[in-house]
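Same chain, two partners: subunit A is paired with subunit B first, then with subunit C.
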Partner chain A sequence: MENLVYVALFAPFVGSLFAALFGMSQRQIFVGVIASGLLAVSFISSLLLAINLYTTGNVIHVTMMDWINAGDISIPFGFVIDQISVTMMTVVTLVSTIVHIYAIGYMDHDKAFNRFFSYLSAFVFSMLILVMSDNFAGLFIGWEGVGVCSWLLVGFWYHKPDQTREENPSISPSWAANEAFIMNRIADLGMLVGIFILYWNTGSLQYDVVFAALPNLDDAVLVTAAIALFIGAMGKSAQFPLHTWLTDAMEGPTPVSALIHAATMVTAGVFLVIRSNPLYGMEAVAGVSFFIACLGTFVAFYAASMALVERDLKRIIAYSTLSQLGYMFAAAGLGAYWIALFHLAAHAFFKALLFLGGGNVMHAMHDELDLFKMGELRKKMRGTFIYMTIASIALAGLPPLAGFWSKDAIIETAFNEHTYVLWFMLVLTAGMTAFYSFRQVFLTFFGEDRHTALGFHPHEMYKFVLAAMSPLAVLAIITGWFMGGYKAFIYQIGEGVQYEMSEHTHHLATYLGLIVIFVAVSGIILAYFKYARTGKNAFKRNEEKEQGFFYKLLINQYYVPKIYEEYITKPYAMISEVFWTKVDLKIVDATVDNIAKFFYVSGDKTRAMQTGNLSNYLNWMAVGAVVLLVIAAISAMLV
Partner chain B sequence: MIGLSHYLIVSAIIFSIGLVGVLRRRNLLMLFFATEVMLNAVNIAFAAISHYYNDLTGQMFAFFIIAIAASEVAVGLGILIVLFKKHGSLDLDDLANMRG
Partner chain C sequence: MENMLSILVFFPAVAGLLGFVVEKESARMYGVTVAAIEFALSLWLWFSFDMSNAGMQFVEMIPLIPDFGITYYLGADGISLFIIIMTTLMTLIGMAGMSETRNVKNMIITLLFLEMTMVGVFVALDAIIFYMFWELSLVPMLYIIGAWGGPLRIYASIKFFLYTFAGSLIMLVGMLFVAYTYHDLTGVWSFAITDWYALVLPVDYQLWLFAAFFIGFAIKVPMFPFHTWIPYAHGQAPTIGSVILAAVLLKMGTYGFVRFSLPMFPDASVMAITPIAVLSLIMIIYTAMIAYAQKDMKQVIAYSSVSHMGIIMLGLFAMNAEGLSGSVFQMLSHGIVSGALFMLVGVIYDRRHTKLMSEFGGLAAVMPKYAVIFGIMLMAAVGLPLTMGFPGEFLVLLGFYKISPIMTILAGTSIILGAVYMLRLFKKSFFGPLNNEENMKLKDLNNRETWSLIPLVAIVIWLGVYPKPVLEPIDNSVKALLVFMDEKAITKEAKDMILVSKSNKGGA
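Here is the complex of A and B:
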């Protein structure tokens, strides 16, 4: 079994290195095929590990090598295959395999085809390190690794210039990549502080040791560590107020958005909270956990509200990702860690499907993403239409698809914890989710044909790409049915992740579910009447409405990017300018320059001493001897 | 009675004369003479102090210095002759060709 662990971990790494060999050369199909094949190997290994774990219940713990051994620090490069990490591994490798195959078709015309696969596989490798590591140091390495790969991939089309948009500030891929990286770095500092606090107080970075030592720690230490770690999670999972990078990251190629910014990397924050459940589940940090739940609920609602008016196809999906991450944090904050993890997995499947479908549309429409320029595409893109509808139903949370079970369980949890405000917000958000996801489906695939007049001639994606997407579609439908089995599986870990509804909630569960379904269905019906009809009822842009206060607020993302721009970026640039011209140039540089200048000038002046005349030299020597004598005499007197 | 201090004063005076010669003279040969004068001033001091302390080490040193001075003059004069053949002069102002 140990070998399987290494195969699962290193297959993507080998794929990445292999693709990197051809990084500078012409597009080679076999590079993509081999990278995808190695990922499939990794997926099969993960699946075998999962099956092994399910049947035997034996957690596998391997130590590859001693990594850091200095003084009291001992950090082995170890991996743990338990129920949490194996869930993540299976999800990550499955989605990555499909995205890799998809990318063979999607990146078909790109010159840097080989390089793309190198980055993509490197990302999967980092992500696997992140989820498999048995200590915080390894987690952090993977954490930074996915950050770097995300930066490389968002900025993959770095040569694209800034594009001025109607609503959003003009952005380019390289700008978006930098934004994502910098925001994550800010959050990573918090996480690093959290890791240091845990290390200082427990003397180890190993999960088991740290978590075993937690009950002996001060409440204040626990709370600080929990807050600091959560700041890291907020950055990676794009929670308010560090959320703006995620929508801008849509500048990257669509397979990247599907893999990194929907299914895997952004869930690392949720994973961190779930992994640290012994910490977040403690009585002392209940306040922090409740804050996580509140923030998650807020973000779920906040992101959904912005998606209501957005016109950019990929940005809508990005908002829905934000919103669903909010749901996951809400569940994790309320203590239902396994429900959060289950939603994470289900969400990964249908969101990746949705993104890949969006990529098909984008490919067909020659990179046009404005929904108002599409319409009636279902006749030309039947396969994509079916996939995106399935994914949207799953996202909207209608039974029996995946999204319903996990999302309903989260909403039920909020009810069960008697946090009725959160419950109400989450139900409302479920309705908004249904509305915006079907608004997007209807605007893209139904209604009047708006694209032909604009000169677009959409065509369906390659057959093998559609075929590669089918596992995701199947999973988006059936994942929810295995919730009971998954519960039994993850309950093996121990009490930390177990969560049961109370008797009272159990009785009301059916009604609660019905409320959610009712809200979701009304959202869909509303979207249908507004956007899907043809003829004289067809959807028309209402310019007047677009000048309204709420519309402008939402389309400008609550002016948060603008506020960041005005009150953080610009002052920061101004301060940097001042520091550069006043402090750096006038003080730091000037000091160094003057030291150099002093030696230069004194050398220049004393050069005259070298006359070439022996007599002068002897005179100077005598002067030197006298000076030395005087100094010796003075120092002798002083002593 | 002539004591240690008299010898030392004589030695200092001769050393100063030699030093002034080293500093002021322009002719290399004269510089050599001046150095010899300084060396011998030191010899006087050595011998006097050695006698004062009843320790023969200082006088031994004086002999060594005389021997070294003799060999130094032998080598130095050889160099001077070569220099004179090459430049036709031993004036230091004429020999200043290493100006920086």
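Here is the complex of A and C:
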């Protein structure tokens, strides 16, 4: 079994190195095939590990070698395969495998095909380190590793020039890549501080040691550690106010968006909170956990609101990701860790499917993403249409698809915890989610044909690509049916992750579920009437409405990116410039030069004394003697 | 081999003298061969190094002026060992990758002399010998900047020389005073640093002496506000000069703190934590911001180098083994990474004779190999885990967190600000459309450039993944140093502040 751990972990790494060997040569299909194959190997190993864990219940813990040893700190490369990590591994490798195969088709015209696979597999490797590591420092390796791979992949089409924010809200791929990296770094500082706090108070960074020592720590320490780690989680999972990078990251190729910015990397923050459940579940940090739940709910609503008016297909899906991450944090914050993890898995499947479907549309429309330029695509792209509808139903949360079970459980949790405001917001957001996901489906696949007039001749994606997507479609449908079985599996881990609804909630569960379904269906119907009809009821763009206050607020993302630019980026550049030209050159350096000049000038001036004329020298000698006498006289008087 | 260190110090100098009679055409080959032998010798030093011994090894002692206690006294411990190896490595790589064509023979001879002085500084255990090498190292560098530099080279080289020279004179006064005090207390003259260690000085003496040494070292590091010579020096120096300056010469300053200030003045060092930390924070944040404002690639790297030295300084005063070991490791990492970055900037300068970022853009498309290596070094510079930049920075911040959480958070902004200026540099030069006509036909790295950079890439990754072979000996010596400081400290505050590792409380 131990070998399987290494196989699962290193297969993507080998794939990445292999692809990197051909990184600078012509596109070669076999590079993509081999990388995908190695990912499949990793997936199968993960699955075997999961099955083994399910049947035997034995957590596997391996230590590969030492990494950093200094002073009293000792950090190994160690990996732990427990219920939490194996869930993540299976989800990550499954989605990655499908995305890899998809990318063979999607990237087939790209010159940098081989390089793409190298980055993509390297990303999966980092993600696996992140989830498998048995200590916080190892997690941090993966944490930063996925950050770099994301930087490389978002900026994959680096040759595109910068545009203004009006032309393209993300400016350019390379700009978006830098934004993502830097914003994540801000959060990473929080994460590092959390690591430092834990180390100095528990003497270790190993999960088991740290978690065992938690009950002996001061409340203040626990709270600061919880806050600091959560700041780290906020960056990776794009929670407000560190959320703007996620929508901009849509500049990357679509398979990247599907893999990194929907299914895997952005869930790392949620994973961190779930992994640290012994910390977040403590009495002393209840306030922090509640804050997490509130922030999650807020983000769920906030992101959904922006998706209502967005016209860019990929950005809508990005907002929905943001919103669903909010749901996960709401669940985790309320203590329902396993529900959060389950939603994470279910979301990974249907969101990846949605993104890949979006990629098909984009491929067909020659990279056009404006929904207003599509319409009636269902006849030309039947397979994609079916996939995206399945994914949207799952996202909207209708039974019996995956999203319903997991999201309903989260909403139920909010009710169960008597946080009715959160419950209300989450229900409302569920309605909005249903509305915007179907707005997107209807605008893309139904209604009037708006694309032919613009000269687009869409065509369906390759057959093998559609076939590769099918497992995701199946999973988007059936995952929810295994919620009970998964619960039994994850409960093996111990009390920390267990969460049960109260009797009272249990009784009301059916009604609660019906409310959610009702709200969601209303959203879909509303979207249908607005966007799906043809003929005289067909959707028409209302320019006047787009000048309204709320519309402008939403389409400009509440002006947050603008505020960041005006009040952070620009002042920073300005202050830097002042520091350089005004302070460093004019004050610090000028002082040094002036000191030097003083010696030089005084030397130069006094040189005139050296005339070689004896009588001159005598004069100076007399002056000197007088000065000395005066000094002697004064000091004598003072003493 | 009893005279191993002497051979290591004087081999390059003797070879440099012989270099005068070598043919001009083969001077470069000769220089690289000598540097390679020297590097091999330093590796041999590592292999024959006793890892379990935290003290001085390969000690050589020949009295020079017995009446004044001046001795030819050399030795190396875990802290200096790797700095020596880095010195010989960077000299070798710098020389092998050098693209200079003017007066190559003179350049080679100068570099070999410089190598002698640098190795000399790191192995000297007698203050006079140390001072001698310390000052001698200025001369070849003065010559390199002044003879091969850019248009402002005379100003830059004189500024470099006078500024650091003024600082070291104050340090010399401090040294003389220590020797004088030693004579007062024991009745014998000695300039041996190990003898000085035994000297327990009153706190006010310690403070004055700490200040005197501080000025000498701080200018060299360079600490804010003594850093303004460095943008000129880097701006005007030829690539090889910048590589050696950033990789090795700056480390002489931080090494001085470890070798002199910490063990000799433990109480003053503890008292100096806050002021030094404040200066270091200014270095980290202020110069990182200045780096962001730069238009010239090389100046970005130059200021970033100052910013990173701030992290090293902070770690030196963490007063625990985590921070101090991290700091020493970071010295090596900074040496290799900033050296490599300067070489990389040199590559583009050789092709375009400009370093302005506005001249570039889209280079990744025409020079992919160059972009990859630059990218790896950039990631190491911003401290990505599994590159050499991470363990040092992580340990320093971890260690200093024990002293002050707030200051650590401020220092930690280095990981953000570093990413900000580095990614901006990368975006401006390598990403975006390839608009400039002149860049379209640029040639990617040639063999010489590739093969001088590949070893650095390999080291950066190797020591990022498995830092143990280097970190362990450093850590041993650092722990011993802390135990020594703790025992020697006379004030309670200092004893409380200096944290001795649990792992050697029982043993050592």
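The working rule: the second predicted complex is superposed on the first by the 574 of 639 C-alpha atoms of A that agree within 3 Å, B and C clash if a C-alpha of one lies under 4 Å from a C-alpha of the other, contacts with A are read in each partner's own complex, and residues count from 1 in each chain.
Rule of thumb we're sticking to: a contact is a pair of C-beta atoms (placed from the backbone, for glycine too) under 8 Å apart; a residue touches a chain by one contact, two chains touch by 3 or more.
Worth saying up front: this structure is predicted, and the values here are computed from it rather than measured.
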item	value
Subunit B versus subunit C as contact partner of A:199, first or second or both or neither	second
Contact breadth on subunit A, by residue count: subunit C or subunit B	C
Partner chain(s) touched by A:189 [first = subunit B, second = subunit C, both, neither]	second
Touching partner for A:622 - first (subunit B), second (subunit C), both, neither	first
First, second, both or neither for A:67, with subunit B first and subunit C second	second
Touched partner set for A:155, first subunit B, second subunit C, both or neither	second
Contacts of A:379 with subunit B and subunit C, given as first, second, both or neither	neither
Which superposed partner A:140 touches (first subunit B, second subunit C, both, neither)	second
Partner chain(s) touched by A:592 [first = subunit B, second = subunit C, both, neither]	second
Touch list for subunit A against partner subunit C, complex	23-24, 65-73, 137, 140-141, 144-145, 148, 151, 155, 158-162, 172, 174-175, 178, 181-182, 185-186, 188-189, 192-193, 195-197, 199-200, 572-573, 575-577, 579-581, 583-584, 588-589, 591-592, 596
Residues of subunit C defined as touching subunit A within the complex	159, 162-163, 224-225, 227-229, 286, 289-290, 292-294, 320-323, 325-326, 329, 362, 364-365, 368-369, 372, 379, 382, 384-386, 391, 394-395, 397-399, 401-402, 405, 408-409, 412-413, 415-416, 419-420, 423-424, 427, 430-434, 465-468, 471-472, 474-475, 478-479, 501-503
Complex contact set, residues of subunit B against subunit A	19, 22-23, 25-26, 28, 31, 92-93, 95-100
For the subunit A and subunit B complex, residues of the former touching the latter	607, 609-615, 618-619, 622
